[in-house]
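What follows is a pair of complexes built around chain A, which joins chain B in one and chain C in the other.
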Partner chain A sequence: MVSEEGQLYTMEGVAAGIIMLLAAYIAVSTTGIYTTGDTHIPDMQLEQLGSDVLAMMDTPDTAGDSKSDLENFVNTNNGDEFKKMFLSYCNATTSGDLDNLHMSAVVVYRSGGEIREHQFVAPDDNTWTGRENAVRVTRWVQLPTTRPAGMPTDMPNDRPKAVLVEVLLWRA
Partner chain B sequence: MRADDGVMSLDFLAGFTIFLLALIMVVSMVPGLLAGLGSSSIDYDAVAYRTGVILVEDPGWPVYPPWEMNADPDEIERMGFSVSRETPNVLLSTKIERFFDSGFTAGDYRSKAIFGDYPYSYNISIRSLDGAYQNSTGEPLPPGHGYGYIRRVVKIKEPGVANIDDRFASQYAIPNPGAPEWNSTVRNFTVQLNFSKLLDPERDPAYRIDPRTEPVRVNIDFAQYCTDSSGATLQNVTFWKKDPTRPNARFTRIPFSYDEENADLYTLHTDGVPRSLAPGAPVKSSISLVLKPAATSQFTLDQNSILDIRFTFEDETPHTNITGIHHYDYNTTNVALPALQPAVLEVAIW
Partner chain C sequence: MACMNEEGQWIVLMGLLVAVGIFFLALIINQSALVGQTTAEGVLEFPKNDIRDLRAAVFDYVDYVDRFGNANNRSSQAVRQDIIAISLERKNAVVDFDVESPQNISGRLLYPVTIHYNNGVTKYDERVYY
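Coming up: the complex of A and B.
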């Protein structure tokens, strides 16, 4: 014959078990878990924005302009104006507050058999990337035979050259 | 007495139930915890990105005549702003203006720009950095960050304009009152568009003058050509075309409803007053003509055609000394092409 001992304890156990499971389920479902499937989205958005900005800076405003703004800035080693225009395009929104993006940039060039970097725009002080990753966007720029003033002296001065403008972009 | 053999104990039943419940919950939570690919925010971001690409990198469909000239939204398949496929992020002002005008419903935007299986809510907006463009359509953004989003940086291409001002005072005036043309009662002044030069494939589409997709704008500072304070009578403005590839090519007048004002096809202002193309009214100070692509598309022109816009003045005693042909071309003196305007476009989907 089945004993009736312990039946009360079983019911308590059932109730406690259900309560624990419900509590765990509610806790898990109300917490946003940032998974590997999500992380590429802000990266992609930022990368697309940075690529757009470089492409637009490399599009002359009129057909009569022999050089784009990007080419002019690199040809004159004018990192300050480059940064100003880049951030003004990057942070612009259609309404409300401006975005809060930060950047640094280097010009990558070939010297002899080596790949060298020239710091074009130094990063801001005291800016942190926060939760999102920084992204890298690039654009090739043609430079004339004569090395632009201010560029490193090991940059070739005897042939036209293509340099890579590499921008690191992050949201603070 | 009934035997107890085979009777399931309550302990076993409770334990098995808890186990099954736990198993169901774990199985249902695992995909959400690890992958997250089914979450709505990712879908929203993907749809926003796709919409951004369609608007910014695609000229839309149909191309010729372009979708923005279709008055009937049902004939539009896809709405894109790009000047051409070769020029992503360079947008045509006429496409932007058409997109944000009031002629479209939410369903049109969903079926011709968003292309979602689900009736998404949306907000699409554009602003040029100089403030000249500030448009948006759709619903206000929901609070928080519960929507998919993409921002694109673009440049806006605006149509050129031929300003015939004092720089041309001597060029288009009959110099010698003794010349034979001075005796005629009729004065013709022509603005000529040579499509084979304008549509030269070598020219970057971002800086191309294309009357098939953009308005042709002509402003004449007429006071300098008036020889009488009462003004000269502008009898009509007519369109003539020539196809130089044909034998015995000559200009023929294009049939058109010249005496009907139609702002969808053209606007003509004389001294600031709107007119039809056959005003028969005196002009003292200014003539302003905007010939819209919807009209040009009716002229059956091809890439070899030459289009003449002919301004005809007639008085018993001539009151103007204007004459000659103004070439609507890439000479920056003849046609001023505005610089591309940097702008930002945002798409939000939820």
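Coming up: the complex of A and C.
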């Protein structure tokens, strides 16, 4: 050490530097706000909700009932009732308006060597999601040999089929 | 401050410590919005519902096989091919399953079922008597 004078000047300088750096860091990191959408927590909850609703709809109502609601809706190509039931099961409000959830659905089937889609529930207009992500939930449904009325004509009509019901669910 | 009056340096130092402490707490509050992100991403990535649904579909298929003959006829194989092909195309999962002829397990005729599932992240293999 050459001279011990002026040590406190050095300490003050270091302390002031640290404080300035911290202030700059805090200022920068608070402007880049992590929204809850970026953390995927609502996505996870929405996906779980959708999966549970589909699983519930794929369970027959009563003992001995051979077909679930979901199977019945697909078998009769009844997208409107499917949408109504799905959204009312998803709904978490106790009174007043329904939750602001929106959905569309397709039925995916195999035709020969190709995978095709049939629009089961069309998305309603003007329901773009802003910040939140949409999630996709799926459920297998087994259809009988005869092609259900209203399904596309390239769906096989001579064998039983397994089709995948895909629901796209978002909040807007 | 330095050299002008050396008294009260401790008070200045404590002030500095408190300031640093407040900065630190503010940082913790700032980061608290991230709590649960990794958990949520882990849950989203793990295909729990896909595997459950696949099992349910395979067991439905076994029910069908049980009612309408063996697992090797054209109809049964077509349903099996549906599940395998659509899984690969829409779920990005390599899926395979086999249903063997029923065996006598503790006095009941049960089908040995082998299920394989792999989506590149999660691998699931199961052999179950249904």
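The working rule: the second predicted complex is superposed on the first by the 129 of 172 C-alpha atoms of A that agree within 3 Å, B and C clash if a C-alpha of one lies under 4 Å from a C-alpha of the other, contacts with A are read in each partner's own complex, and residues count from 1 in each chain.
Here is the rule we go by: a contact is a pair of C-beta atoms (placed from the backbone, for glycine too) under 8 Å apart; a residue touches a chain by one contact, two chains touch by 3 or more.
Only a predicted model underlies this, so the values are computations on that prediction, with no experimental measurement involved.
Engineer: With both complexes overlaid on chain A, does A:D61 touch chain B (first), chain C (second), both or neither?
Structural biologist: First partner only.
Engineer: Contacts for A:E166 in the overlay, against chain B (first) and chain C (second): which applies, first, second, both or neither?
Structural biologist: Only chain C is touched by A:E166; chain B is not.
Engineer: Classify the contacts of A:W140 with the two partner chains as first (chain B alone), second (chain C alone), both, or neither.
Structural biologist: second
Engineer: Scan A:G17 for contacts with chain B and chain C and give back first, second, both or neither.
Structural biologist: It touches chain B, and chain C stays clear.
Engineer: Which holds for A:Y109: it touches chain B only (first), chain C only (second), both, or neither?
Structural biologist: second
Engineer: Which holds for A:A92: it touches chain B only (first), chain C only (second), both, or neither?
Structural biologist: After superposing on A, A:A92 lies in contact with chain B but is clear of chain C.
Engineer: According to the stated criteria, A:I41 is in contact with first (chain B), second (chain C), both, or neither; which is it?
Structural biologist: In the superposition, A:I41 touches chain B and chain C alike.
Engineer: Starting from the residues of chain A touching chain B, keep only those that also touch chain C in the other complex, and list them.
Structural biologist: Touching chain B and chain C on chain A: residues 6, 18, 29, 33, 38, 41, 44, 48, 55.
Engineer: So in the complex, the part of chain A that touches chain C is made up of which residues?
Structural biologist: Per the stated touch rule, the residues are 6, 8-9, 12, 15, 18-19, 22-23, 26, 29-30, 33-34, 36, 38-41, 43-44, 47-48, 51, 55, 58, 108-110, 115, 137-140, 142, 145, 156, 159-164, 166.
Engineer: In their shared complex, at which residues does chain B touch chain A?
Structural biologist: 4, 7, 9-11, 14, 17-18, 21-22, 25, 29, 33-37, 39, 41-42, 45, 49, 52, 88-90, 125-127, 129, 134, 136, 149-155, 203-204, 206-207, 330, 332, 337, 339-340, 342, 344-346
Engineer: Could you list, by residue number, the parts of chain A that touch chain B in their complex?
Structural biologist: So the residues of chain A touching chain B come out as 1-2, 6-7, 10-11, 13-14, 17-18, 21, 25, 28-29, 33, 35, 37-38, 41, 44-45, 48-49, 52-53, 55-56, 59-64, 88-90, 92-95, 99.
Engineer: Within their complex, state which residues of chain C touch chain A.
Structural biologist: Chain C reaches chain A through residues 1-3, 9, 16, 19-20, 23, 26-27, 30, 33-34, 36-37, 40-41, 43-44, 49-50, 52-54, 56-57, 60-61, 64, 74-75, 78-79, 81-83, 85-86, 89-91.
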